[in-house]
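Following are the structures in question.
Paired with chain B in one complex and with chain C in the other, chain A is shared by the two complexes that follow.
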Partner chain A sequence: MSKPAVIPLQQAIKKSFQCLENNQKIWKSVLAECGPLMVSLGNLAEQSIALSNVQLSNTPLRVFPDLEERLRFKQQHAIDTVLGKMNEKMSSLQSVRDSISNQVSGVFQLYEQNTESLDIPTLTERSAITPSISDMLEWLQDADRHYRQEFLRRKMLLQTLRADDLSLLESAPKRWKSLETPTAEDQISDTLCKVSFFMESQ
Partner chain B sequence: MTSVRLLSVDPSDRGSQRCRLGPGLMSALGLGLGSPLLLSVPGGSCLCTAWPRSDLTEGFLQLDLKCCSPGLTLPNTPTHLDLDQLSPVPCPKLKGLKITVVVQGSDFKKNTPPRVIHELVKDMMRGVYVHRSHVINFEDFDTEIRYAVIESITPDSTCSGLITSKTALEITGIQTLKYYESGLQDQNLVPLGGLEEVSLSLTEMLRLPLLYPHTLGSLGLSCPRGVLLVGPPGVGKTQLVRRVVGEVGASLVVVMGPEVVGSRPGESEEKLRAVFERARSAADEGPCVLFLDELDSLCPRRTATTAAENRLVAQLLTLMDGMTRSDRFLIVGATNRPDSLDPALRRPGRFDREVIIGAPTLQQRKNILSVLCERMPVYPSVDLEELAQRTLGYVGADLSALCREAAMHAIRETTKCSVEQTVGMKHFYEALKSVRPSCLRSSLARTDVCPVSWEQIGGLDDIKLKLRQSIEWPMRFPEAFGRLGLSGPRGVLLYGPPGCAKTTLVRAAAASSHCSFLSVSGADLYSPYVGDSEKALAQLFRQARSCTPCILFLDEIDSLIGSRSNSQSPNSIQTRLLSVLLNEMDGVGLKVSERRGTEKVLQAEGVEEGPSPQQLDYEDVCNADVMVVAATNRPDCLDSALLRPGRLDHIIYVPPPDHTGRLSILKICTESMPIAADVRLEELASKTNLYSGADLENLCREAALLALQDENMKASQIRHAHFTRSLSHMTPSLTERQIHMYQTPPT
Partner chain C sequence: MEGELPSNRKCSALTGSSRKIKDNAADWHNLLLRWERLNDHGFDVAQNIVNLRLRRSESQHLQLQADEALPPLEPAGISVATLQQDCDKLQEVYDKMVALVTKMERLVVSQHGISELEQFQFGVEGRKTPLFHSWNAKHFEDVSVFLLDSFQSELRLKGALLQDLAHTVTSDLHVVHLSCWLLQPFVPPQVRLMLEALLLETGHRPI
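After this line comes the complex of A and B, so read on.
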């Protein structure tokens, strides 16, 4: 049975899933670019630690004037460059997150507006090609929550890095890698598969 | 359908604040997708968004604890919820919100600027439905920020609301997880019996710097830094500190004395510094108490020989002195032997206050017993008052051991005959036999007193009456004694010819009055080292005083303590022991560390006053001293200073038995023997003039042996002839002259 409010809602949901699919690709590519940046950050940190561990005045390099300060300056500069690039990536991740959030909240707003005409049996009605509206809204909510959590965790990691604590910088790439949650990403891919028939219909 | 079954949450729902209901239930409650719903479960309430179950079944409920009451956990076994425990609540968009953030570790708290935390928390809380005084759980984010405790929400009219990007968030404080969890735990505090005054004073010391820091600063005061708790072992010092810390919500850093000591030189000092550092960092959060248990093992007096201990003591002294005004933690030390502590520790500025916790008085024992029995199923007929009276000299640890033993007895009984497990009075009596007071456990004067009843002693009725007056009455009728201004006698001397039941009389008195009983003889006290016996006697008196009322029985006192006038060497051991005894019995006063109970009753926070001072007086004044009972055969050898009133008040002459006395003695002796019908005890009694009680016992024994001898071990009865034959063989051990000598009263 098709109530008048169901169709626009389904259209909105379709659009959201489209947006989700696109954004998922963007997210994955940006994250892949972040990897090498974090590795170079770790390397730079290692170099800085090595510099502070060595006494240049005891080595043959002491003939070069101000070598230590200049090396340190170069390293700091490189770290700053890398962190700047990371910030750019983070802002593109943030835009991904925001667009997904906006889409999902738009869909929910539409639902709120029509909540009198949509009762629970309608919402939970499912067919072979079309999952029920409540299921699809649930998946959208989960995806939104997932991206928000991921972004927040990575942002927190970057914000807790401090210039003076080099060991934190050194361990940063490992911690970045540990933040990956392949199961959650797979779940979003699964969701997209589940709605693929729905997306192709109409 | 009136109830739903509560199941554990689906893993994919974690952090979503969803609660899964059946679609029919949702329609019945008028809920749409994502409508906020308040569920009251046992232990608190939980706010979540309603969502239909994915399998669309009715009758089951799963919920996610994103926003719930503090400390709420779901029961492990599935329970049922009635429909009236679910209620939809309106959740308008909130304008403002005040929260306290709980983070994992103190490093994160110190190193992260508050602005960053504010931003992060604001992001995390978008789209969450919150309820007043609930806790938002951020565990699914898997970061350092764990919880947010909702303090207040604006507008004030609602209890719950939705957080949007426009909600103004204010963080009132940041706590660490450990501190937060310790604040949750104080709901299950064990009440302490009998230590209310001491815990009040400790609580005051902990709370004042917190409540009125500016006042104290402006008055130029600094609150006491250190408290020393002194008391016999088992009285409850450690438990008191834990209790007070739990009440105030402070954090506790405990150091058991020997665990700081290390093997390498300097290791123990390093550990001690680390402990102080830990306390300092814990004091940044809130009030903190550093508890040094068994302080006398850590800081003995500094001597020239043990260099390692000297260093440790010096380190502790400098650490305590080095505490600046910013160090806001309190140091509490506990010890059994305050005299072995280095005296430099006990000055103001280090351990300012000393609190002496003595062995509990009658009222305090009753409190402790009522607290202990609350948690055990006891018969209502169990009389705690009587138990408190019978447990003289027991400290808190002894009383809990007593209850444990009683419970064990009850369990042993019920395993044989499966009856309800309740602990009755008889279990307590059995436990009393096995649990002895710990202050007497290491006494050199412990004896196993086989209880003797008054009826087993023949004759001597007036002597028995006098003994009862001296020993039993002050304890049983303290009000009467107090009313007439009497205090109990200090000492009783029983003298008389040997073998006349002096020792037995004392045993009977001890058994009938339920006092602690200590008995000592010469062999226990004498030792080859000079000064040892005096110390042993003084220690004996101290132990006796710690478990009053107590009977201290000095048998054959004339061999222990001679007389100063007719002794050959003026400095002999006997003279010295005599001086110790004279001093202890009638000396200047109790040592300060022996005070019992605590005098202060702080009027704080509406706590009622302790038991009225008059009542305590009646129980304690009359029994404040130890009753010394001495027995001797030669009263003329005793020093006259002992025999004056005020020391050995009552001097009782125990005569050899007269005719009626001998008759009753014979009756008692032959009670367990099968005597023939022709035995005439009256005749025997009249023939045995000048026989003492021991003689008569010997007579009966000899008669029985003769009977055995005559009939080749097959005798079954003792006949009168045997008695007369044994009588003819015996002579009395007493002579007229001896008795005459006793009857002139000693000077």
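After this line comes the complex of A and C, so read on.
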């Protein structure tokens, strides 16, 4: 651990894990807010489909001639509102992804600048409380990739939605839920546990 | 909409028509707030009614299919009693909504009275300096009439829903009924904007 490049690199890695820890919390809380929004999107789609299936002129509601048009408008309006809120959530997720990506690419830049003074034994050396630099770099890259993929998959789902394609909207909450990857998210938490002593060390 | 606005604040030095109009604006805000709460509560009750109704028609269907010798699957009396209870609750909500609309009618009458008074005092061209920022008494009256019209129509729809809700058998129509109750098709988004404009104009909301 005597090489001059090791200390700054370890500091940078430490900062990245701190950033990862904070952003993981933000990510989880934003995702938790998305769930109910997606459910209400599905409900609204169901309401719109029901309205299309019913011939209002054959029901007692026929005394309101413009009811169907007005209800349709309100339903579309509500769908628009929910989709707008989802867009806001997506930009929060995007900023999480960006901040993790920036940190990780910064660390890798620092590593590449100093490759000459970092030989294999230094990179793979580890102690009881400090994992090896190569392991930690790998974990950071894994986390970075995980959030990139997660974000892309959710963004793709939302981009395929159209306010007038009701069956697609109706199945959206189910598909949104199926994107959840609890094992990958647990792996990030595991990683954070593995580096916890390292993070506390000076 | 946040907390209720005090309708008779004595702190400002407004008198005459301005005072009355400002108080009326606060009343509008409070009435709409109460309407929203009633609507939410009514929706919960309506949802219960629909669920009970669906369960009942399902069990009736099952009983028809089952062997006649089998005892009834569900004591029908219980669900009828709860259904009736929920319908009474919804009726209560509706009655309170009727009372709100009656109050709205009174506000419109009051606003109309102010308009006429203004015309009597200042002639057809109206007063030289505006009541608040820019609106004249007629404009205030028009806004009130628009709000009242929306809620009167919505109330009529609620009345019809109340009659039909427990007597409907198709599930699509059930969903349409609930959607109508929740989304209030006769209360357009402009209602919200008009109320905010009214509150801004009368100084309840800071500009």
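FYI, the second predicted complex is superposed on the first by the 201 of 202 C-alpha atoms of A that agree within 3 Å, B and C clash if a C-alpha of one lies under 4 Å from a C-alpha of the other, contacts with A are read in each partner's own complex, and residues count from 1 in each chain.
Heads up, the rule we're going with is that a residue touches a chain if its C-beta (ideal position, glycine included) is under 8 Å from a C-beta of that chain, and two chains touch if they have at least 3 such contacts.
Fair warning: this is a prediction, and the values are worked out from it, not measured in the lab.
Superposition of the two complexes onto chain A shows chain B and chain C fitting side by side, with no clash.
Of the two partner chains, neither chain B nor chain C is touched by A:25.
In the superposed model, A:50 makes contact with chain C only, not with chain B. Of the two partner chains, chain C is the only one touched by A:64; chain B is not. More residues of chain A lie in contact with B than with the other chain of the pair chain B and chain C. Once chain A of one complex is fitted onto chain A of the other, the partner contacts of A:78 are limited to chain C, with no touch recorded for chain B. When the two structures are aligned on the shared chain, A:160 is found in touch with chain B, with no touch to chain C.
Panel annotation: after superposition on the shared chain A, the angle at the CA centre of chain A between chain B and chain C (CA centres) reads 110 degrees, nearest 10.
Touch criterion met: A:138 reaches chain B, while chain C stays clear of it.
Of the two partner chains, neither chain B nor chain C is touched by A:174. Superposing the two structures on chain A brings chain B to within 29 Å of chain C, judged by their nearest Cα atoms. By the touch criterion given at the top, residues 108, 111, 115, 118-121, 123-124, 134-135, 137-138, 141-142, 145, 148-149, 152-153, 155-156, 159-160, 162, 187 of chain A touch chain B in their complex. Contacts from chain B toward chain A in the complex involve residues 12, 15-16, 18, 23-24, 26-27, 32-34, 51-52, 54, 56, 108, 111-112, 116, 120, 123-124, 126, 140-144.
By the touch rule above, chain C contacts chain A in their complex via residues 156-157, 160, 163-164, 170-176, 178-180, 183-186, 188-189. Listing the residues of chain A that touch chain C in their complex gives 46-47, 50-51, 53-54, 56, 59-61, 63-64, 67, 70-71, 73-75, 77-78.
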